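The structure under discussion appears below in the form of structure tokens.
A, B and C label the chains in the order they appear, each numbered from 1.
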Amino acid sequence: MKIKLYNINLKLLIKVLGVACLFWTDQAFAQNLKVAVAANLQSVIKVLGQDFKQKTGITIEPIVGSSGNLTTQIRNGAPYDVFLSADMGFPETLFKEGFSTKKPVVYAQGSLIICSNQNIGFENWERLLMTPRVKKIAIANPAIAPYGKAAEETLKDKGILNDIKPKIVYGESISQVNTYITTGEVEVGFTTQALVKDPASKTQLYWKIIDPKTYNPIEQGMVIIKHASENPDAEKFYQYIASPAAKAIFEQYGYHE
Amino acid sequence: MDVTPIWLTLKLAGITSVLLLAIGLPVAWWLSKGRSFFKIIIEAIITMPLVLPPSVLGFYLLLAFSPQHGIGKWLQHNFNIRFVFSFEGLVLASVIYSMPFMIGPIKSALQQLPLSLSQASYSLGKTRWQTFVKVLIPNIRPSLLTAVVLTFAHTLGEFGVVLMIGGNIPGVTRVASIAVYDSVEEMDYSSANTYSFILFAITFILVTGVFIFNKYQLKSPLE
Amino acid sequence: MISVDIEKKLKTYQGEQLLKINRQFPPGSITKICGPSGAGKTTFLKIVAGFIKPEKGTITAENVTWLDTGSNIFLSPQKRMAGFVFQDYALFPNMTLQQHLEYATNDTAWIKRLLSIGKLDNLVTHKPQYLSGGQQQRLAILRALAIKPKLLLMDEPFSAIDQKMKTALINNLKIVFDELGATVLIVSHNPQELEGLPGEEINIHY
């Protein structure tokens, strides 16, 4: 008799849980705007999201990844509404392939910095990288992360790319590069200025801006994904990112126009 | 298409399997005898990589071997060794990650051998080591082979840990599983296809081979 | 002279039973151990061999202490070198008949002699799975004898051997036991089959 009671309770429990799950997920999907953002925007998108919600009442759900990774996902049907890339190339590909109805526009320009969690002295960083003091250098994978491409360009410009290649370690995205920098796995890394401008960051970091003349400008572009082209929220967010309020926030985090 | 990732992967799987055979045999033997509380804990720890997400293992390794503190600092300072971003680091991670695949089958096989086999050997004056080498190991050959092949195949497929601590360095830590991932991200689908197919083929042949071998080996009198 | 004085708790169908043996076995003697199934005959042999430890007891062999639970003395089976014939034969599946004997000893003349006693000369390249039950059992006996033991422990050693072969075998074994001066303990639940062997019979029962 005891066993019988057990059985009934179990079945009921499962049914209740099953229905509860449906309700749970249902809530999440209905209202939020899904915004895919390149990894370098990891910290600034939170602030933008809060500001946007204050102004419009719309909640955004950021999905962070490397620009290349996100683009592939979108091409394979990922349900994102807006895409903020770290370059223009990936959004342009999406536009050409018909995944967005409007051409991509630049919403900000990124700043490349050289960074470390040790006070290593970046005054003459080109020389520093060649010394044995620096054993590992992290950059994002240039094939899929625009900041990695920029890092490669600046290294080439300084003529040291081939010499320091053995020391280079490739992060899957700027996020991974940041991890390597903040945990000290690498002595030095090339990343976005947004990392050091983030007030929420707890690690003490030392850094220097890389001369923008040594790399192609990191023009970050955004598009609305086709299936969201009728979604008024998506359009609102699109307009918001171009607005002065958003631009001010971007500047705080080291981006510029 | 660059085939270095395939060689790297095979090299990693091969070295890991050999190392694990050397480590795994004595440990499995020790675990197969008696069940003290201590042994149970050790066995649980060894089995963890079976259920632990690889990213967790990668994360802990990242912290443990950071050159700024603890073991990582000591290694860097005294031996100029850095486990993160190195092939040696991948070997270490693979040994931990694939250990249950080597130790599990061997321990089970040893436990299934009748106790009287060892006792008979002891009664002839043979030491535990002699018994282990001349009597026990030869009689668990099918399980040994299974263990080695499974370990090899499992290491071939390692991704999560390598992603976290490998650094994706071409010719050093850019193994085939990472190469597939990167090719997909770079939208180079032809390379992705080739790498994937090669990996699939190797693993399929290995695993099928083990099953066939075991089927024919079932005529062993101990089964 | 082997002196055994042991106590061991046995878990049987009837609950817990106490196995208590206190006896001396003179050198060169043959003792038949009989009794019902599960009474502890095999356990007794294994205690003497050193595979099982009793709760309490002492065992001495020719003035060497093999076991003394009071003083925490325990000599490993390897050092006792008591030849053991297992009830399940315990043959090594990976070794041929010849290899079994070579594993035990280097004495090739002795091996040849044992093979002829067991009538297994022309089966030396066979592995256990290719031997009949009776042949396997004979091999088990030969293997135990290969080390020229001073003490031989046999657990149901003739159960699979036919009557005619048994009589011939036992006659040959008697000679070997004499030569080695071995003390022999044989367990059997069928005392009749051991009639060809001289010696006392003891009974282990509940």
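Everything that follows uses one rule, which is that contacts are C-beta pairs under 8 Å (C-beta built on N, C-alpha and C of every residue); 3 or more make two chains touch, one makes a residue touch a chain.
A quick note: this is a predicted structure, and the numbers were derived from the prediction, not measured.
Here the chain-to-chain distance from subunit A to subunit C, counted in touching steps, is 2. Chain centres computed from CA atoms place C at the largest separation from subunit A. Chain centroids computed from C-alpha atoms place B closest to the centre of all protein C-alpha atoms shown. Averaging C-alpha coordinates per chain places the centre of subunit A 76 Å away from that of subunit C.
For the pair subunit A and subunit B, the distance between C-alpha centroids works out to 35 Å. We define each chain's centre as the mean of its Cα atoms; on that basis subunit B and subunit C are separated by 43 Å. Residues 62-63, 66-69, 82, 84-85, 163, 167-169, 182, 184-187 of subunit B are the ones that touch subunit A when the two sit in their complex. Residues of subunit B touching subunit C in their complex: 114, 116-117, 119-127, 134-135, 138-139, 141, 219-222. Of all residues in subunit C, those touching subunit B in their complex are 46, 49-51, 76-79, 81-84, 86, 88, 90-94, 103-104, 128-129, 143-144, 146-147. Residues of subunit A touching subunit B in their complex: 66, 68-69, 71-72, 117, 135-136, 138, 141, 143-144, 168-172, 179-180, 183-186.
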